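So, here's a batch of structures to check.
One chain, subunit A, appears in both complexes that follow, with subunit B as partner in the first and subunit C in the second.
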Partner chain A sequence: MEKQSRREFFKTTAIVGSAIAGLSSNSTKAAPKNILSEDRMGVLVDTTACIGCRSCEWACKTAHGIETQSLEKYSDRTVFKNMRRPDVNALTVVNEYANHQNAQLPTDVKIQCMHCDHPACVSACIVGAFSKQENGSVIWDTKKCIGCRYCMVACPFQVPSFEYNKAINPEIKKCDFCFERTKVGKLPACVEICPVEALTYGPRNDLIKIARERIKRNPDKYFDYIYGEYEVGGTSWMYIGNQDLRNVAFPKLGDKPAPGVSEAIQHGIFAYFVPPVSLYALLGGIMWITKNRKNSEEE
Partner chain B sequence: MVSYMKPAPITKKYFTPGVFVLMLIALNGIAFLLGRLFFGIGAVTHLNNQYPWGIWIGVDVAAGVALAAGGFTTAALGHVMHRSHYHDIVRPALLTALLGYTFVALSVSIDIGRWYYIWHPMIMWNGSSALFEVGICVMIYLTVLYIEFLPIVTERFINHVNLKGIFSFLNKPIERLLMLLDKGLSKVMFVFIIAGVVLSTLHQSSLGTLMVIAGPKMHPLWQTPILPLLFLLSAISVGFPMVIFESMIAARSFGLKPEMEILSRLGSIVPPILGIYLAFKLGDMFIRETFVYLTSFNTQSVMFTIEVLFGVIIPLRMFLSKAVLKSPLWLFIASCLVIFGVLLNRINNFVTAYTPPYSFSSYFPSFGEISVTVGFIALLVLLYRLIVFNFPVISVIDRHYTPRTKYAIRGSEQ
Partner chain C sequence: MKNFILLNVVIYSIVIFSQSKLPKNHSLSNKLNCKTCHVCEVPTKKDPCLVACPRNQMVTVYQSADKTVNIVTLGELSKKYDPVVFFHRAHAQMSEMSGGCVTCHHYNTSGPIQPCKNCHQEERKREDISKPDLEAAYHRQCINCHREWSHENSCISCHELKKAGKVSQKIDVKKIKSKDHPKLKAPEKVVYETLSRKGKFVTFYHDEHINLFGIKCINCHQQENCSKCHDKGKPTLTQQLYNLPVKIHKSADQHHKPCFSCHSEDRCGVCHSNKPEGPFNHAERTGWALNRFHEKLSCSKCHGNSDKFAKLDNKCESCHKNFAAGKFDHSLTGLKLDENHKDLDCIECHKEKNFSNSPACDNCHEDKSFPKNKPGKEITISLKKKK
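For the complex of A and B:
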């Protein structure tokens, strides 16, 4: 380090600089798949229609190869005593909430991944294992996942779950919008089985119109709010109900996409690698000046 | 300073009662670590779907990275700004950073579910992920740290390569290789030193960006868009206190006199940095009006108060006092407080502040989690001791030094 000519210094610095600059052009291509198609599909959940039969839970488990009791056993309503959350053995669960307007009509809400339009998990995942597909599904790729669980930290709806008790290849489990079924033209398992048509599968834009229409026609029956229309920038799954669902089943969230601030900061720090390269140059400059000053002091 | 200091291997007995205690702690940690490897994360930790990250991320990784900041801050001071009177502390700080980051990498590997895929981020990129940025920077920085340490290895072995028996013919070539490496390294080392500082500022701040995406799941006392700035400032402010802390412990442990002259000087740099950190932290609190949360009495408000009062305000006042800077004991206590403050800040950001809307119970680390964390720290100390016993890291008085006049004047000035 001591004997370093000025020319050599610049030469090496230039090489390092161009190497870093070269990296930046590659990195822009390496973003995970994140498509926001105009025709993306969604599901409208009309919680006023839901009777809490939990057939959807059974259908979901069956479609995803998760062990389950027989469908008859699902009529047991004692499970509603406790709030349940989706986990590795149940990608969707139905919870029941009291309705203060009419105690005879409790609100049953099916919970699963909301399939955000701007998913926090897609933005957060260290290896880009999550992707937003053209049909609206947010899916997870086992070949990439390293099991860091940052998706779980990021998810505003607290949905992804992790197989904590597996030593080898634990998986992140969450609703995949039956990607394998919809790909071949089938309905998502839960939508297909629902006996009361509480779940409507269709293009998201149409679903919003349907929801508005229903609320307009029955203003006494519905609380005038579509949960998921604007939450965290919009979600593929949307809910209407007889009360404000933000007070019972869902968190109160803003309408800005969940990854927004984080990505803005991240891209600010790394704007085409300009800030790091400038810092490098600045430090190099300081190093060179102080070294020269030190040398001249010693001579 | 009149006496001349030169880095040299420590010549003392390695095994002391304290070392045996550390070994027991390390073994206990390794036992739980094996449990995690054979039975999964759930078998050892209290983590669940509501609380996906615990102290292995909050302490081992986040606090580990922050407390290893002594490496890049002293490198910036000693090498970039050429403050040569700090050279004696650059090597111990470098070693701490090297071991610190090695254990950070190890902790990350055991915390992720699929530790054998730790290399995935190298080829599977996601530019929008803060975690990806942290991961890549830590990987490169760790490599840079090992390169920065290489001259210490070559210095140890040049003229000392002495293989016995059938390998003796290798002595000459290895010697020549080391010489070549040493010469080549000294020419390009500045590239790595600057790279180390840049990489550190990048990932220290990105570590703060990590929790921004958790949004409302994080308590408003900590959740702020300036988290990356706060993380960077706190990492820089803990750098020198950490060096002071280590130097004093090492001096005591190896029966050397603490280099108070250097340490007091280092201590006098702390207040401006810590002051800026405090200003941003309080300023952020007043702009976002989060002080209202301090009026309610709960874990979050208590932890925040302890963190700011004992971890920042009190040590800041202490470092401003000349008497504290001159007294080894008080300087040590002040440094400990800053370290405590940053450690608590990282725990608060990653564990205390994380309050998901739907949880069945709150998170408290299990005995196994604590065992692994403490075990890793014990292992780190043991390795540090082993390395300073075998490599020229810590500066001791050089008995063979015959001063040349030119340097003697410069030396006595300081």
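For the complex of A and C:
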């Protein structure tokens, strides 16, 4: 495993640190604007089409080498008794919510990383292990990660999860928008398998137009709102549904690119007059050293 | 300038040429507006500049269900599963009450029925993502209804799993027994318990509405859901979790809608009452008892078209235009007028031409009265049923 040199580490830390210091003085841009490509991809999730078959969960696991039972077993609906969150063993999960207009037809919502346009995880990561790619994916680099878990705190959707049960080389896990597949021209695994194409993969700008058109054509069927169009500055994954999904599956968020909790962390730090850069450097340094020690123990 | 004219000629000839080549069934002449489908001024064959699927605006699939194809196998796509045997006719027979053919054939210009794949591409990775691909198009048509009543969505509820390593069996449609949807049994009456303060009960005589008033199923049942009959009443998981009623909740507006197409001007009490009510009774409901002649008539004979029964006044001549001297054969009433009375005006005996009151003799005779004295001879008449 190639390692980040100590010098390089402090360099990145300093850059990120000063970027964050800059952020607190009002302009809170999580990711540099220039990475946001005009034709970045996204997914439109039409929850009125989703049947809650959970094939996407199976496909995601299979594509990411996570052990799983056979696809046929996924039609078991008792899992919906509990609300689930994506975790290290399931980068995406489908939850089921009551539909008060038609109790026979519950609302199923697949959740995973939203691939924010201004990702809080990217801005929170002090070593730059997270990055927003040109095609819209927010991915994570195992080589750079020091395991500080700031991303988990920062993410407004509580997506990244940490392999707590793994003593050696625990990793941050989250949906990577199937970066390895899309790179070679394949569709994300979940999009490919969905039997009703509740997940439409395409350029984000087109998807917004399509979503609007669907709502316009069918005003009785849809609640007139595209979740993710503006939330935290816009996300690559967007949702439409027969009810306001902010009441069921998603948090109500502003449209400012919000580093969310990471901002709170900074404010907390300022309260004690500790310059953030040094604190991050200190914390990060400790983490990095610990990680290095673990690695050398392994070697 | 010369070039410009030449160019115009070329363009117009292209337009004319391409239009003359339009498929036979292209609805050029019909009420359709070209702009429904084409966005540009001069659509050509090469560039028809079609708008995205305008759906219900131009659908012309109206076939009687019983004449449609019985069984369709859907198997263009299955890699893992055997083709689905779809009983088309059985579905079509019920479709009338839930949106009609267009529920599935949602985009079909006049002419032959278009197969789904004409619009829905087979590839999931494709340019035009505004409409679902073929697999999704099929599945969306089927699963959302079926899961409403089966509460299931596993593949094997419609598909057979392919035998490992085997090519799927060729399905011989001729060997499959055809299937019709069983005839529906309409209830005689339904008593609704409502929350209305205007009267808790609404007694709805279903058979009367069909047989007596001649109302067609589709007049009321337009967006019915299969689950209305097919759901075995097993609540879904969310129903259990959130304690939702098994029945689909309808707003007061939705409940009233089918009734209001006829009863919009009626008082609440016409339907709502504090107890379940008996069947329709003309005297009670309208204050006009039907006599032995009227009783035999169908409603539409007097009230016109069953879609909206006309309100009548109680003047006999409003319907009976022949209730006038010289026009009316009085022996039809069972009393043959004698020579003295034969040519009198009706009003001489029937005051104010109100034929439901007893006739009065005092206009001419001070000493006579009906029915002691009669202006003619009683005869027996046979009541023939007139339709």
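The rule is simple: the second predicted complex is superposed on the first by the 225 of 299 C-alpha atoms of A that agree within 3 Å, B and C clash if a C-alpha of one lies under 4 Å from a C-alpha of the other, contacts with A are read in each partner's own complex, and residues count from 1 in each chain.
We adopt the following convention: a residue touches a chain if its C-beta (ideal position, glycine included) is under 8 Å from a C-beta of that chain, and two chains touch if they have at least 3 such contacts.
Note that the coordinates shown come from a computational prediction; the quantities given were computed from them, not determined experimentally.
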item	value
Contacts of A:L187 with subunit B and subunit C, given as first, second, both or neither	second
Subunit A residues touched by each partner, larger count belonging to subunit B or subunit C	B
Contacts of A:N102 with subunit B and subunit C, given as first, second, both or neither	second
Which superposed partner A:Q158 touches (first subunit B, second subunit C, both, neither)	first
Partner chain(s) touched by A:E38 [first = subunit B, second = subunit C, both, neither]	neither
Partner chain in contact with A:E67 - subunit B first, subunit C second, else both or neither	neither
Partner chain in contact with A:Y201 - subunit B first, subunit C second, else both or neither	second
Set intersection of subunit A contacts, subunit C complex versus subunit B complex	none
Touching residues on subunit B, where the partner in the complex is subunit A	37-43, 45, 47-50, 52-53, 76, 79-82, 84, 108, 111-114, 117-118, 120-121, 124-133, 135, 186-191, 193-195, 197-198, 201-202, 205-206, 209-217, 225, 228, 354, 356-358, 406, 410
Subunit B partner contacts - residues on subunit A that touch it in the complex	1-4, 8-9, 12-13, 16, 27-28, 30-32, 83, 85, 87, 120, 123-129, 144-150, 152-154, 156, 158, 160-167, 169-170, 251-253, 258-259, 261-263, 265-267, 269-270, 276, 279-280, 283-284, 286-287, 290-291, 293-294, 298
Contact footprint of subunit C on subunit A as seen in their complex	49, 51-53, 72, 75, 77-78, 80-81, 96-106, 185-187, 191-192, 194-198, 200-202, 206-207, 210, 213, 217
Subunit A partner contacts - residues on subunit C that touch it in the complex	52, 55, 124-125, 129-130, 132-133, 135-136, 139-140, 143-144, 147-149, 151-156, 161, 225, 227, 231, 235-239, 241-242, 244-246, 248-249
